[in-house]
Each structure stands twice: as C-alpha cells, then as structure tokens.
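First subunit A sits with subunit B, and in the next complex the same chain sits with subunit C.
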Partner chain A sequence: MVFNSLNFAVFLLLVFILYWFVFKKNAKTQNILLLVASIVFYCMADWKFIFLLAASGFINFYLAKFIAQKKEGKIRSLFFFSGIILNVGLLLYFKYFNFFIQSFVTLFNYSGAGISFTPFHILLPLGISFFTFQMIGYLIDVNNDEIEPTGDLLGFCTYLAYFPKILSGPIERVQKFLPQIQKKREFDYGMAVDGLREILWGLFKKMVIADNCAEIANTIFNSSAESTLYSGSTLVLGALFYTIQIYCDFSGYSDMACGISKLFNIRIVNNFAFPFFSTNIRDFWKKWHISLTSWMMDYIFTPLSFILRKYKKTGLIISILLTFLLVGLWHGANWTFIVFGLLNGFYFIPQILKGSMNKNKIVVKGRLTTLLKEFFGMFGLFILISLTAVFFRAENIGHATKYFHDMLSGLIYSWGYVQTFNLILSQIVLLGVIIIFFIIEWLGREQEYAIAQLGLKWKRPLRWAMYFAIIFAIIFAIVILGGKEQQFVYFQF
Partner chain B sequence: MEKVEILEKVRQILITVLKHEKFEMRDDLTASDVDGWDSLTHMEIITEIETEFNIKFRLKELNKLKNMATLIELIQSKL
Partner chain C sequence: MKKFIKTIIVFLLLGLILIMPLPIIYLVLDPFKVIKTYDTFYDPNAKGWVFINRDYISTTTFIKNYKNENYNSYILGNSRSRFFRISDWEKHLPLNSKCFHFDANGESIYGLHKKLAYIDKRGLEIKNAILVFDYGILSQDKPRTGHLTIISPELVNNSNIIDFHLTFFRDFLTPKFLYAFLDFKISGVVKPYMKEGDLLINWYPVFDPISNESFDCYEWEDSIRQNKYYTPGRLSKFYSRDTIVKYSPIAIKENQMLILYGIYEIFKKHKTNYKIIISPLYDQVKINQFDLQFLKNLFGENNVYDYSGINKYTKDYKNYYEPAHYRPHVAREILNEVYGGK
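On to the complex of A and B.
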C-alpha cells in the first residue's frame, strides 16, 4: 500500500478519524490505534514478516533494559554485543547472504576452482534496512549512557512500527520520537494544514516529476545494457533524468511521510534540505538522506575516526571511505552500490586535505540572486552526482562500465546531438515543469519544504488556485502516464 | 590550569582547525553554532586538544559533551 494510492488515502482517512474522534482519550489509546494501524499497514505490504518486526521490537526493548541495569563489565557487554550481532545478523542474512556467498564463489573461481552456487530464495522483509538501523542506534545510545532505556513497551513498539516511516524511513531516533507520543496529542489545525500541504508537494514531486523522469531514464538505461542505441550526449541526459527522478522520488516520499505524521501532531525528521543547492560534496551529504548520513556519521564515522585519530588526516580519509562504503552497501547487495559509496567517499578527500573551509549554510541566505561562482559550483556538483548515480542505477558493474564507455566514446567520437536535441524537444513540457520546480525549490530553500510558506500571505482564492494547479498537474500526470505508476525507488532498500 | 587559560588554548585550536574566528567562546557554545565545526573537523579539534593538554579522551566522554562548558570541565578533570 503505497502513499500515492487510493487504498492508502482511504486507510489514512480512517485512521485520522479514529485517532481524533474515537481513540482521543489519552496518549495510550492514541498509541494503541497508531500501533494497530501500523501493523495493518505493514501486513498489507508484507504480512509474512510482521512477526519478525514484532520480535525485533520485543527483543531490543528488553535487551536495552538489561544493558542499562548492568554496570560496565562483561555481562553488560554480552547483552550489548548480542543485540548488535542479532540486528546486524538479520540484515546480513536477509539482505546480503546471497551476495557475499556469490562474491566469494566468484573470487575462488578466478583461480579456476569451478564452484557453482545457486542463490537461496530469501525474501527481503520490507523496511528491514530502516528498522534494524533504528534498533542498533537505540542499543548503542543506551550502552553509551546517552539515553535511558524506555519502560514504555507500547510507545516503543509504536515508534518501531510507525506506518509513515516503517517502509522507507526516515531512520528516526527514539529520543526525538518517543517524548512526542508519551503525552496526549491535541489536534493542531495549523499543523494539520501544513501536513496536507507537504503531502501535496510530495505527491507532485513523485507523480509529476519522478515518475515522468523514470520513463525516460528507464528507457535509456535498460536499452544501454545490451545495445548502443543512444548517443553519448543522450546517455548523459539519461543520467541527469535519473538523478532528478531519484531526488523527487525519495524526497517526495519523505515529504509525504512528514506530512502524514503532522496530521497526527507528530514530527519526524526531514530527510532532505535542498541538496542540489550545495556547492561541495560535504554540504551535499548533510542535506541528502539526512537520517542515514547522520546515523552513519554518529555510529560509524565518529568511532572510527576516534580510533584512527593518531593518523590525523590519513585516519580521517580511511574513516570516511569506510563509512561511505557502508553507505553504498546499505542501499543494496551489489558491487555497483559499493562503488557508488566509495566514489562519494573519495570526493571528500580534497576537502579533508585542504582543511575546513566550507560553511554549513544555506546558499546566499536571504538573497534572491547568487554569485556566478556558486551557481557553477552547484551545477558542477549536480553533474558529478549524476554521473556517480550511473552506478546506483546500473544493474551491475558491467552495465555501468558499458554506460560510461558508450557515453565517453559517443561524446568524443560520434556526433549524436541531434538525437539528444530531439529527446529534449519531445520532453519540453516536462523540462519546463522541472525548471519551474527548481525555481520554487530555490525560492523556498530556507524553509522546511519548498512550499512551506508559499501562498500563506496570499488571498484565500489565489492560494486555493495554487492548490488546484498542483492537484491538476498530478491528475494530468496520471492521465498522461496512463497508469504506469513507478514504485518508490527506496522501497527496494 | 585556570579555566581562562584552557578557554584561550581551545579558542586557538578552533581557529587553527576551522580557519576563522567567527565565534564567541561562551559556555553554551555548541558545534552547530560554529561554521565548519562538523563530524569531519570535530575529530581534528579533539586530537589537537589531546596534544595541547597532553590528555586522552574516551569516546564515551566525547559522546556526552553538550557544549563548551562541558568540554572545558572534561579537560580540567584530566589535568
């Protein structure tokens, strides 16, 4: 049951009415409803693994209590490392078992071993990459005495299974979420309206931009695996369309998750902060998939760089490369994701060697215009990210290398710009919409989401005209695509 | 060592690592208040502090730091 479906709209309406009119008595009844709704939501997506989710909740809840009850020592460490191994083990088994075995077999076969391996049929529980990371973070924070373990089992299970975030994040921290649901929520009209606006914007990003870009990107990428139908410049365009697709797909989903949560007066972390307006890789990763990057920096990079601190900049470089290798691997069991992660890690090296120079800021805050230098910085970074995204999209390393080979040889040796120009002409409406979209994002770059403040000071009819325009664009996109709905990209993780 | 002396040494370390002086050394100063003080530069700063004061931190101690005041207290406790 995806967010942009009629089924989900009915489900959400039902839960909303029950939450505010029937189960409104106190925090406990509200949480019971949210938990039941979340279980129903998860079962409708994938009922087979609901018991795994439940077991994860119970085990981690009690493990955290056991850890906190013991002083530092062997028993405490035993509970802690058991928890880590259990959660990581789940991920390794369901997500990476076949990949690691296949990789070892391939390695042995290079020496002529001649081993064959038939992958096991292992189903991937939905949301496993997200909820296991939440549990690992929780256990680490308790073990480090940064937080007390909660004694609220209902609240904890609600936090774990919470339907707006269970399938594709954000990777929420328990200390930010739990306090919100441990008190009774009162209906906040302003927050609910803000939530609806954010849902609308997320739907627009997903259904108007992401799904339309996906049509083009899929055609180019799928064809490029076996043939050389497309010119070098068209392959570049394919990478650009894919990057816009994945940004609008995932940030659109995140907007919807945040907006849905606001309807229940609960705030979850925003996963994107206009990353394409960054002028360097460090800023970019502070604004892209924020919950994952901050998780990796807090629980992987910081401890690693602490252990390696005597090696100074070399230690930092090793730490960032290993961290981003894991960022890549988190996305999927494929060497393409590992290469994707490592490349992003390598991009940090010049900044690490040069030393701190970049401000954690919103580009040209408070000004409508930008310096030419920063514009080219943003554009250059966008191109770099798009080219790196080829590894993210490619089926395997062979596909990615063929893509780059065809792209480069096409750009250097053969003139296929007519093909690219015709493609641009055929997508002129979409490109126009994308340009308008990025203008709106630019104007709203200091807000929580692009249209957070847009139209709030307008007269009501004009504001409603804006809503209708966005809704019309969404319906138009559905009609044009003729039902070719694209699954959310991050559901596969 | 006096708190004032520790504060000044830490201030110089921040200037050296972050390459600017656009911050005020106050008790409630946090990393998010200072341009460029993030995960990447944090460990550089910590390493320089350890070298300057000839002390060793534990990771758990660093994770519990809330602001400049708690950092100074931690340094003082190790001197």
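On to the complex of A and C.
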C-alpha cells in the first residue's frame, strides 16, 4: 500500500477519523490506535516480517533498559554489543548475505578456485534498513548516556512501527519522536492544513515529476544495458532525468510522510532541504536524505574522525571515505552502490584539502536571484551528482561502465531517443513542468518544503486556485505525459 | 476540528464542481461508444466519426448475434485480415459454413487466443479458421493498451473492465483528443489535424452487422479503377526498398509459444480446418525462419503459408492501399493458392 494509492487514501481517512473522534481520550489510546494502524499498514505491505519487526522492538526495548541499569563494566558492554551485533546481524543476513558470499566466491575464483555458489532465497523485510538503524542509534545513545531508555513499551513500539515512516524513513531519533507521543495530542488546524499542503506537494513531486522522468530514464537505462541504441547525448539526458527522478521520488515520499504525520499532530524529521541548491558536496549531503546523513555523521564519521584525529587531513579523508562507503552500502547489496558512495566520498577530498569542510556557506540567503558563480556551482554539482546516479541506477558495474563508455564514445549531439513528434511534445511539456517545479522550489527554498508559505497571504480563492492547479496537474500529468505509476525507489532499501 | 472538516468539504465540493463537466460530457456524448449500447457504431448520416476500437466492435457484434447465427468459421487477425473477403473464402468452404470476421486493430496473439477461447467457451463450433499473422501479431504476447487497441472486457472475463473504461476516459481527457472532439462537435467538420493518429475520420467505415465484414475498401477500389487513387501524396508513402533479403527478429519466445500451444489445443479440440497465413507486407521483411519453423512444427507444414519477403505480391506497390495494407485481390489469390488453386 503506497502513499499515492487509493487504498492508502481510504486507510488514512479511516485512521484519521478514529484517531480524532474515537481514540482521542488520552495519549495511550491514541498510541494504541497508531500502533494497530501501523501493524495493519505493514502487514498490508508485507505481513511475513511483522514478527521480525515486533521482535526487534521488544528485544531492543529491554536491551536498552538492561544497558542503562548496569552502570559500567563488562555486563553493560555485553548487553550493548550483543544488541549491536543482533541489529547489524539482522541487516547483514537479510540484505547482504548473498552479496558478501558471492563477492568472496568471485574473489576466490580469480585465483582459479572454481567454487560455485547458488544464492540463497532470502526475502528482504520491508523497511529493514530504516528500522534497524533507528534501533542501533537508540542503543548507542543509551550506552553513551545521552538519553535515558524509555519505559513506555507502547510508545516505543509505536515509534518503531509508525506507519508514515516505517517503509522508507526518515530514520527518526527516539528522543525527538517519543516526547511528542507521550502526551495527549490535540487537533491543530494549522498543522493539519500544513500537513495536507505538504502531502499535495509530495504527490506532485512523485506523480508529476518523478514518475514521468522515470518513463524516460527507465527506457534509456534499460536498453543501455544490452544495446548501443542511444547516442551519447541521450545517455546524458537519461542520467539527468534519473537524478531528478530519485530526488522527486524520495523527497516526494518524505514530504508525504511528514504531511501525513502532521495530520496526527506529530512532527517527523524533514529529510530534504533543497539539496540541488547547494554549491558544494558537503552542503549537498547536509540537505539530501538528512536523517541518514546525520545518523552516519553522528555514529560513524564523528567517532572515526576522533579516533583518526592524529592523522589530521588524512584521517579525515579516511573517515569520510569509510562513512560514504557505508552510505553506499546502506542503499543495497551491490558494488554499484559502493562505487556510488565512494565517488561521493571522493568529492569531499578537495574541500578537506582546502580546509573548508567546516565552513558554512548559505547560498543566496534572502535574495531572489543567484550570482553567476553560485549558479555555476549548483549546476556543476548537479552534473557531478548525476554521474554518481549512473552507478546508483545501473544493474551492475559492467552496466555502469558501459553506460559511461557509450556516453563518451557515441555521437554526443544527436537525437537518439526522441523519435516521434508526440515524444518530443511530451518531453517539452515535461521539461517545462520541471523548470516550473525548480522555480517554485527556488522561491520556497528557505521553507520546510517549497509551497509551505506560498500563497498563505493571498486571498482564499487565489490560494485555492493554486491548490486546484496542482491537483489538476497531478491528474493530467498521468494523462498528458503518459507517466505510469512507479514503485518508490527507496522502498527497495 | 469543525473548521477543518468544513474547509475540506467545501474544497472537495468545489473541486468536484470544477472537474464534473468533463465526466458528464464523456458519459452523455460517449465518444468511443463504449458506455451505451448501439445498433450501429457509425452513424451513416454523420459527417465525421470518432474511430472506434475494432476489437470492441467485433466482440459486441459477435455477442449480439452468435446465438442466432451459429457461426462456425472465423477469420482472425489485425486490420490486414479485413481484406480477406468472406465471399472469397466461402468458395473454399463447405456449404453449411457460417463465417464471422473476428478482427481487431493492432491484434496480438494474446487477443487472438482470447477470441478463440471465448468462442470455445460459448459452445460454438470452430470448423474453419484463417489466422492472418505478421511479426507484429506474433510478437505481442500481452494485452495492448490505448483506446484503439485495448481488448474487450468480455474476452477476458471482465477482468480489465475498470482499466478498459479508464483507458477510454483517460484518452478522452488528452488535450489533443478533447480539443479535436469538441471542435468537431461544434463545427461539424473533420479538419486535417483531427485525423492525425486516427482520432477522428471522415470516411465512413461500413461493415456487415452479421458477419462483421468491413466494406471500407469498396470506395478505394472504385477510385483505383478510375485511376484516381494513387495520387502523388499517396505514392510518396511507398518508400524504396532494399533488394537484400531481410529477416524480422525472432517473435516467438516462451510466452508466445504457450499462447500458440493454447490456440493449437482449441483447434485440435474442434478438429478445425485451419490455415495460417503470413501476410505479404510491403516492407518485404521476411519472417524469421525460427518463427516459421515453429509454426510449421506446431500447426503442420501444410497449414502454414508464408507470403512475407520479396515475392510477386510485395514487389508491386499497386497491390497495396498504403504500405501497411494489401488489397483484397491479393488476399483472394492467396486464398486460391492456399486452398489448392480453386
């Protein structure tokens, strides 16, 4: 059940009514409803792993309590490390087992070992990368005495399984989430309307931009694996469209998740902050998949760079490369993701060498237009990110290298993909929509999401006309641009 | 909360009011003739017509008549099969044969199999059959999309009924169609831009209400007889062709094989006298030899006739109305050859 489906709309309406009319008595009843709704939601997506999710919740809840009870010593470490091993083990087994074995077998076979390996049929539990990271973060924070373990099992399970974020994040911190649900929530008109507006914008990003970009990107990427049908310019186009697709797909999903949560008067972390308006890679990653990046910074990069601090810039480079190696690996069990992560890590090296890693640079703060230098900075960064996106999208390293090879060796300036007038027309329309979309994003770049403040001071008819325009754009995008509903990219992680 | 609910209701109502005219226009005017039932799909008195899904016409006509007519002989294929005239075929069939032309635009072997299965399920006999194949039909193992080619719900146990109607409504909403349709409704004239992509047509599609045979070509044949048909505009569409023999890619893969086995099983059950004809197409691309051999192995060497590639039919452009469709005399000659030179 995806957010942009009719089934989910009915489900959400039902939960909303029950939440504010039937279960509104106190925080406990509200949390019971949210937990039950979350279990139903998870089961409807994939019921097979609901017990795994429940077990993860119970075990981590009690482990954290045991860790906190033992002030110091080996037993505390034992509980802590067993918790970490358990969570990492879960992830390794379900997500990486086949990949690691296969990689080792390939490595051994290079030396002529001649080992064969048939991958195990292991199903990937939905949202595992998100909920295990939440649990690991929770155990680390409790072990570091940064937070007290919660004694509220119901609240903790609600935090773990909360349906707006269970499938694709954000990776929420317990200390930000739990206090909100431990008190009775009153209906907040402003928050609910804001939530609906955010859902609308998320839907627009997903269904108008992402799904239609996916049509083009999929066609180009799928055929690029086996044929040299497309020219270099078309392959460049494919990479650019794919970059826009993953941004709008995932940030659209995150907007919808935040908006849905606001309907229940619960705020969850904003996962994107207009990353394409960054002029350097550090700034980009501070704004892209924020909950993952901040998790990696807090639990991987900071401890690592502390350990390696005596090696100065070399230590910093090693820390960033290892962190981004894990960022890449987090996305999936494929060498393409590892290369994707490492490439992004390498992009940091000039900044580290220049010593500008910790310098905050706010682009075009308060101004409407950008300076030429800043514009080229943003554009250049977008191109660099698009190049890494090829690895992100490719089926394997061979596919990615072939893609780059064809991109550079073919006729760079020729129309390979655009064959018919209708296709040209639909691409021009899509390009126009993308330009309008980025203008709106630019105007709203200092807000939580692009249309958060747009039109709030306008008279109601005008404001509503804008909302209807977005709704009609969503409806008509499917018709005019012929975009078909696509699975959310981040569901696979 | 009251304020929120009130705002939402007003917003939704307003949205509904804004969006309702389009579904109402669609339901009332029924441009694709798929909402209401009709005695005739194309009004002879009109000056122009919305092109209607041929699969839907064929299926509706069949359902309407099969109980009274007791069809037992069928011509199946895409628009190219239309030029196999029933009158030409009947000469080669037993006297008690009752023919029905069960064609569809952009037909696929998926659709073709569904049609035969539908006939079979209704308990009708399939004594004789002609399957008119080409690469396009053979390679299509899945239902087609789009309002001109989507399969009729009755043929697939109504499993696609929502998708079927949504397809028509969605295509109705495309600005290109909507603008052309409303312009036609107001002006009453089919303008050149409306004909692009077969949205609207200004030639009257005539077909027999019982046998579903199309008579579109009569007017064109008259025009050819009067040397008026092959105008410079039409001739320009006949591109020059290579003299080297070219083969189409392999069309019959795993799915196609399963479907073809299904077709064969139906024929076997009915002891059908069937003939498979590979169309002589203007492009002169020969069907892949793997596909041909597979068809011959499955359906029998003597039941498969390949007219693709360079041959006496494909050499002369005058055997075609345009590069996609050959003329009835070609189909007639093929029938004579197939049924033993009668």
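Note that in this section the second predicted complex is superposed on the first by the 468 of 493 C-alpha atoms of A that agree within 3 Å, B and C clash if a C-alpha of one lies under 4 Å from a C-alpha of the other, contacts with A are read in each partner's own complex, and residues count from 1 in each chain.
One rule holds in what follows: a residue touches a chain if its C-beta (ideal position, glycine included) is under 8 Å from a C-beta of that chain, and two chains touch if they have at least 3 such contacts.
From a predicted model like this one, the values you see are computed outputs, not experimental measurements.
Colleague: After lining both complexes up on subunit A, report clash or fit for subunit B versus subunit C.
Modeller: After superposition on subunit A, subunit B vs subunit C: fit, no clash.
Colleague: Hey, is it subunit B or subunit C that touches more of subunit A?
Modeller: B
Colleague: Once the shared chain is lined up, is A:301 touching subunit B (first), subunit C (second), both, or neither of them?
Modeller: The first partner, subunit B, only.
Colleague: For A:28, select first, second, both or neither according to whether it touches subunit B, subunit C, the two together, or no partner.
Modeller: A:28 contacts neither subunit B nor subunit C.
Colleague: Kindly classify A:65 by the partners it touches after superposition: subunit B alone (first), subunit C alone (second), both, or neither?
Modeller: It touches nothing on subunit B or subunit C.
Colleague: Go through the superposed model and pick first if A:187 touches only subunit B, second if only subunit C, both, or neither.
Modeller: second
Colleague: Is A:309 touching the first partner subunit B, the second partner subunit C, both, or neither of them?
Modeller: first
Colleague: Which of the two partners, first being subunit B and second being subunit C, lies in contact with A:76: first, second, both, or neither?
Modeller: A:76 sits against neither subunit B nor subunit C.
Colleague: Once the shared chain is lined up, is A:464 touching subunit B (first), subunit C (second), both, or neither of them?
Modeller: The answer is second: A:464 touches subunit C but not subunit B.
Colleague: Subunit B to subunit C: minimum CA distance in the overlay, Å?
Modeller: Nearest C-alpha pair, subunit B versus subunit C: 37 Å apart.
Colleague: Shared contact residues on subunit A, subunit B side and subunit C side combined as an intersection?
Modeller: Dual-contact residues (subunit A): none.
Colleague: Using the touch rule from the top, collect the residues of subunit B that touch subunit A in their complex.
Modeller: Touching subunit A from subunit B are residues 17-19, 35-44, 46-47, 50, 59-60, 62-64.
Colleague: Which of the residues in subunit A come into contact with subunit B in the complex?
Modeller: For this pair, the touching residues of subunit A are 144-146, 282, 286, 297-298, 301-303, 305-306, 309-310, 312, 315-316, 320, 348, 351-352, 355-361.
Colleague: Applying the document's contact rule, which stretches of subunit A touch subunit C when the two form their complex?
Modeller: 20, 187, 189, 192-193, 422, 464, 467-468, 471-472, 475-476, 478-480
Colleague: Quick one: which bits of subunit C touch subunit A in the complex? Just the residue numbers, please.
Modeller: 1, 3-4, 7, 11, 14-15, 18-19, 170, 173-175, 197
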